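In the part that follows, the structures are each spelled out as structure tokens.
Each of the next two complexes has subunit A plus one more chain, namely subunit B in the first and subunit C in the second.
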Partner chain A sequence: MDFSIAGILALDGITNGAIYALLALATVLVFAVTRVIFIPQGEFVAYGALTLAMLQQGLVPGTVWLLLALALLAALAEAVGELRRGVTVGKVAGAALRSLVAPALIALLAWWAAPLKPPLVLQALLTLALVAPLGPLIYRLAYARLADASVLVLLIVSVGVHFALTGLALVFFGAEGFRNPVFWDARFQHGAVSLTGQALIIFGVSIALMIALFLFFGHTLRGKALRATAVNRLGARLMGISATGAGRLSFGLAAFIGALSGLLIGATTTMFYDSGFLIGLKGFVAAIFGGLASYPAAALGAVFVGLLESVGSFWASAFKEVIVFTLILPVLLWRSFQHGHHDDEE
Partner chain B sequence: MTRQRMLIAFVLLVGALPLLPVPEFWITQANYIGLYTLVVIGLVLLTGVAGLTSFGQAAFVGLGAYTAAYLTLAHGVSPWLTVFAGLALTAVVALVLGWITLRMSGHYLPLATIAWGLSLYYLLGNIDALGKYDGLLGVPPIRFFGLALNTGRSFYALLWALVLLATLGATRLLDSRTGRALRAVKGGTTMAEAMGVDTLHVKITVFVLAALLASVSGWLFAHFQRTVNPSPFGLRMGIEYLFMAVLGGVGHVWGALVGAGVVRVLDDQLQVWLPRLMGASGNYEIIVFGIVLVLVLQFARDGIWAFVEARLPPVRRAVDWGGATPLTQRPKPARGDVVLEVDKVRKTFGGLIAVNDVSFEVRAGEIVGLIGPNGAGKSTTFNLVTGVLPASGGQVRLAGIRVDTLPSREIARRGVARTFQHVKMVPAMTVLENVALGAHLRGREGVLGALLHRDREEERRLLREADMQLRRIGMAEHMHELAGNLALGQQRLMEIARALSADPTLLLLDEPAAGLRHGEKLALGEVLRQLRGEGLSILLVEHDMDLVMDLTDRIVVMEFGTLLLEGTPQQVQASPAVRAAYLGTEH
Partner chain C sequence: MKTFRSLGAAMLALLTSLAAHADITIGISLPLTGPASGLGIPMKNQFALFPQSIAGEKLNLIILDDATDPSKGASNAKRFVTEDKVDLIGGSAATPVAIAMADIAAEAGTVQLMFSPAQLPPGKDTWSFRLPQSNAVMAYAMVEHMKKQGVKTVGFLGYTDAYGEGWLKDFSATAEKSGIKVVGVERFARADTSVTAQALKLTSANPDAILIVASGSGAAMPHKAVVERGYKGKIYQTHAAASRDLVRVGGKDVEGAFVVSGPAVIAEQLPDTHPSKQVATDFVVKYEKAYGPGSRNQFAGHAYDTLVVLEKAIPVALKKARPGTKEFRAALRDAFETMGRTVLSHGVINWTKDDHWGFTNETGVILKVVNGDWKVE
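Let's turn to the complex of A and B:
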């Protein structure tokens, strides 16, 4: 391996690592706030990339139907719960209708705009508007009832959600793979190493998002409420912070980050309906570096995973997945010796 | 009809099925159900019983299947030998995975098994010698005394014999000393460790057992399909196995069979109907599986078998331990010998000093009260003495031997038994079984003993002990109830019986009288006096001052983590400092 190959591999690794870092942050965020090990994080990546791919062809993406169906189900579940608590029918119906307004508007917008083939940036924004609301709705339907269940039960729920979303992705987007156009087709050559505009966008967006999250958690009330929930759910609830609200918000952020990652990675690799899972799991391996608790360790882990993957695909391309996923074992071993035995009583 | 008759009827039905004019299709289905059931029984033990889980069971099936296929095809080894090769390989992998992940919180094991499942899939698909993604073709059938099991019906006989054997084994295991330890691990390790259970060892054992069952299923799979390729051993199948366990009822061995059966039939029907509905082919059934999985967990977490179980006649354990020989008791120290020395012991949590250089002694045949206002550090002191928490400084000695560096199960082995301020028990076990858990260290039989029923004599002795302690504490009539159904006071009494089953020299009771009625308190006092008369030492944390003053020989008073006073009940009652600690001072 000479220097220029090393350079190419390093750049490639860091580019993918930046995306894994975003997913790792989302994973840590969701786990800290809700104790949900969110296996379907990667599905949002696929939904983001493939929704954009549909819009590129001027088609109305299936995500629209999913958004409407989930919103309807969530409104229904909410209404049933409220009625049982004895709230009047009028109030319940009003609340249900209000909760449907935003999803309906987004769906109408998508329906109207899709055949017009608006510019790429607008399509990207529309994609985010379609995919990000899926997060809170999935939280409401799959997890909210089980908020106090053990980590194990929540994990099995996650696997169920992963199955359902993967299968639905096949219905919506088909088995065919798509590659989206780059957002910026510039290319900066330095010897054998070429830096693409898309890679710069990936770095820029990743860093910007991390700064935004940092500011959100450090300087806004809602961010601080999320942190409080992560530290002590009961304590936060006693302070008037809604655990369900915190759950929805964290899932919303996770879905937004997932969709954004999908937009970014969709231009550098061909995406299939089930590609998101492996990408999400790599974010996961990264998150485990920080014990699902530390944001900086997760981000560093992600860069390491990206580098390992690019070097692995150079040396033994057939075994690159084996290498990446076997990495989890030494990481776990290292963590178990560093932190010793700690037990969660459930 | 009793359960036993139903069981016999079921076994006869399973045995008769291939002899009846059942279409070949259903024999094939039954074979797949059997193959799945073997795997899912392992998951029931792992998930429902021990509270761990794995998404990598399909990979263990693959390990068994590929070992069988490769060794028979490339080296002509007999299938009756390859099964052991597969088991050995599986055991090694499971041991490594378990040893690495099971020291940490429960969710690292499933995460590691996801990674392991993916890795094995890609590994199998890329090794030339294993035929890459095409796999290995032309695996020979298993031969049984010269008879080739190459038809669905002949294979059925071998497979279902093994399934019934595995079901029997799992049932026997659950009703044994190891089974109780396994179930104790589910609620967290503190209580199990205090009963002397090596929880890491138990967790690794059950994980390896589950993996071995999967491996056997894989061996059968290879010789049933006569071909192997990576796809049935991927993560998707790993998740489906878990789905079967959850749907059937993850807490029951029979749930495995129900889950495997329902999922197989459902899968088959969905694969016919969904593509017609969608107008295209694809794995649409996973949508239904995913949604059903979430709904089951939300609305019927105990699975289908729980509905069946509720309609079956209840099981009542036959009392067969009446004539068992009593367990041997440990030699008791002479009255007045120092049993426990707490020497300047200290515990800090960050900047907070919870226990500040506290020293006291407990002698054989005395009851020492440990009192103080809430937050004085009494329970923390208990946890330091029993090894639940490591001390930050000072020493704890039992009969002169330092123990504060030992794990709590080693301290239990040295004759220390305890109860907990917040009752820790296995709610889904009967009172008798919970109490027998206390006698864990007085038995020796393990997994093999339970499977072969070599442990029956020892079981009778352990249960006899539990029965005796329950009688002593006045709980005999609740013996066969589920512990979770008891009132709080009764649960506390059960914890005392459990501690007594350990044949301790030192008994630590954390607020034993909380939640007891007046009559029960008097009875408890009587039992404790009797125990003292037998030479037992008791350290008692209690807020009921009448009981403490009446019962104890000496009292240690703590306040804000420090020792305020040590003396007789009269001295403590007379002390202005103690009064000030409880009621405050006038300024």
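Let's turn to the complex of A and C:
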């Protein structure tokens, strides 16, 4: 293992690590705000990459129908709840229709634009517009009513959502894999190490997103509301912050980050309908580094997971996953020794 | 009302069992839904083209969906042997399902034609015959081609699952006999985001050829990674990668790759000397006449081959016993084991008492990717 091999491995590891970092941030965000261990995080990656692949072929992706169906179900659930509370039928119907306008517009746009094969950047934006709204809708349908349940119950729901999304992905995108075109087809050679334009984009987008999240949490009212909910749900509610609203926002961000990661990684590897799970799981391992609470620690953990994975593949490729996932044990041990036992349930 | 309905059901059951005893009944379990549905559906299409009778006996096909679920496949097989009293079981196209069905077929003493290359423990496959080629037969064709190309060293880059392991074992054994050395073994999983590290290690050993063992579109990513590392040697792919998806995802990077394949799907391009030329052409012409040009598929070929072996074995078995009896089922098995060299659309098969795989070494064909299309080497 000489210097050039180490360089290539490091670059490969950091490129993947950057993606894991994004997913780790989303996992930490969702857990901090809603206490949901969001296993389906990786599914958004697959949905993002494969929705773009469908648009590339000029087909209307199945995500359009999923978005419409979920929006309709969410509106119905909302309407039934309102009616029970004694709100008049006219008002309920009006609210339901209003909540359907945005998804319907996005779906129409996708349906109209897909056969025209717009430029790659527009397709990518359309993909984000299709996948990101799935987050809040899934929160509304699967988690909102259970917001006060235990972490374990929420975890079990997550497993269910994961299986449902994977199954639907198989229906929408088929069993075969897709590879998307790169956003920037450049290559910079430095000795044996070659840096691709796509890798640069991955670094750039990851860093930009982290800065954006930092600014969002530190300097906007909504971001501060999310942080307040993360610190103390009850306290935040007493201050007039809606827990459901915070949940929706965090799931929306998670879906957005997931879809974005899918767009980034879809050009460097072949994505299958079920590829997202393993990618999301590695993001989760990284999030454990931060104790599901610290964003910088999670991001550093992600880069470490990426590096470990690439070095592990080089030395013992058959045991690569074993190496990565065994890592979680000493980390958990270390964290529990350091912080002692504490209940996360009130 | 309830008694009336159960009476009706009983009469119906009586009628069907009467009918079953007069005809040759075949129970087929296919994955028509679930992950392997892509394999099962074209097979069902081919079974729909089956004739009404074989050797003057009426043919009664029962096709059930096993949803790619081993327990569903097993309950289908149980139904076949207890309720339908079938003379032969077909299925499944998914390996785990086929294995689950094998035990039931063996217990009932009914021949099972497997549509997947399922490995069974020794002594467990007395009643199970396989229609797809074994990896060893394909590895033989590949090693022969490597010898011609002057390849002396091979790097192996394969799935971490049973498919990768099976190929590693069969390929290493065959290659060693021909003096070809496997100089590096690297593994990856279909869902991996990168195989750069594995490709790096393999290419630094600089073998004459690299063998990639993966399936469909999953075979493209490692191929691209090896090419990206500037590897200039020959790259081989297995028959699981011999689909359009390899070229679709791999693009110009898979240009010049060698892919081993069964003969059925490339019927027109087969040299006239290949034994399967005629049968494979017949399969492709008939299938595409019914389902449109370009619809041919490896698994539909297995369904076609089912008919070929049945038409050869059933007349032999009929001489010994009547359909619907235990004796007929045993006679059918003996007929399969003794019918000798049989030309299928997928190659040449020769089942014997000890070998229920049976494909001979004249089966495999090496294709080269030229301008995004297959060309027989």
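Methods note: the second predicted complex is superposed on the first by the 343 of 346 C-alpha atoms of A that agree within 3 Å, B and C clash if a C-alpha of one lies under 4 Å from a C-alpha of the other, contacts with A are read in each partner's own complex, and residues count from 1 in each chain.
Heads up, the rule we're going with is that contacts are C-beta pairs under 8 Å (C-beta built on N, C-alpha and C of every residue); 3 or more make two chains touch, one makes a residue touch a chain.
Being a predicted model, the structure only gives us computed values, none of them experimental.
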Partner chain in contact with A:E176 - subunit B first, subunit C second, else both or neither: second
Touching partner for A:V311 - first (subunit B), second (subunit C), both, neither: second
Partner chain(s) touched by A:N16 [first = subunit B, second = subunit C, both, neither]: second
First, second, both or neither for A:E321, with subunit B first and subunit C second: both
Which of subunit B and subunit C A:I5 touches, first, second, both or neither: second
Touching partner for A:T269 - first (subunit B), second (subunit C), both, neither: second
Subunit B versus subunit C as contact partner of A:L333, first or second or both or neither: first
More subunit A residues in contact - subunit B or subunit C: B
Shared subunit A surface residues [contacts with subunit B and with subunit C]: 170, 174-175, 278, 318, 321
Residues of subunit C defined as touching subunit A within the complex: 35, 38, 160, 186-198, 200-201, 204, 216-218, 220-221, 245, 249
Contact set on subunit B toward subunit A in their complex: 47, 51-53, 55, 96-97, 100-101, 103-108, 110-112, 114-116, 118-119, 122-123, 126, 187-190, 200, 239, 242-243, 246, 278, 280, 282-294, 297-298, 301
Of subunit A, residues touching subunit B in the complex: 37, 39, 141-142, 145-146, 149-153, 155-157, 159-168, 170-171, 174-175, 278, 281, 284-285, 288, 318-319, 321-322, 325-326, 328-329, 332-333, 335-336, 339-346
In the complex, subunit A residues that touch subunit C: 5, 8-9, 12, 15-16, 19, 170, 174-179, 265, 268-270, 272, 274-275, 277-279, 309-314, 317-318, 320-321
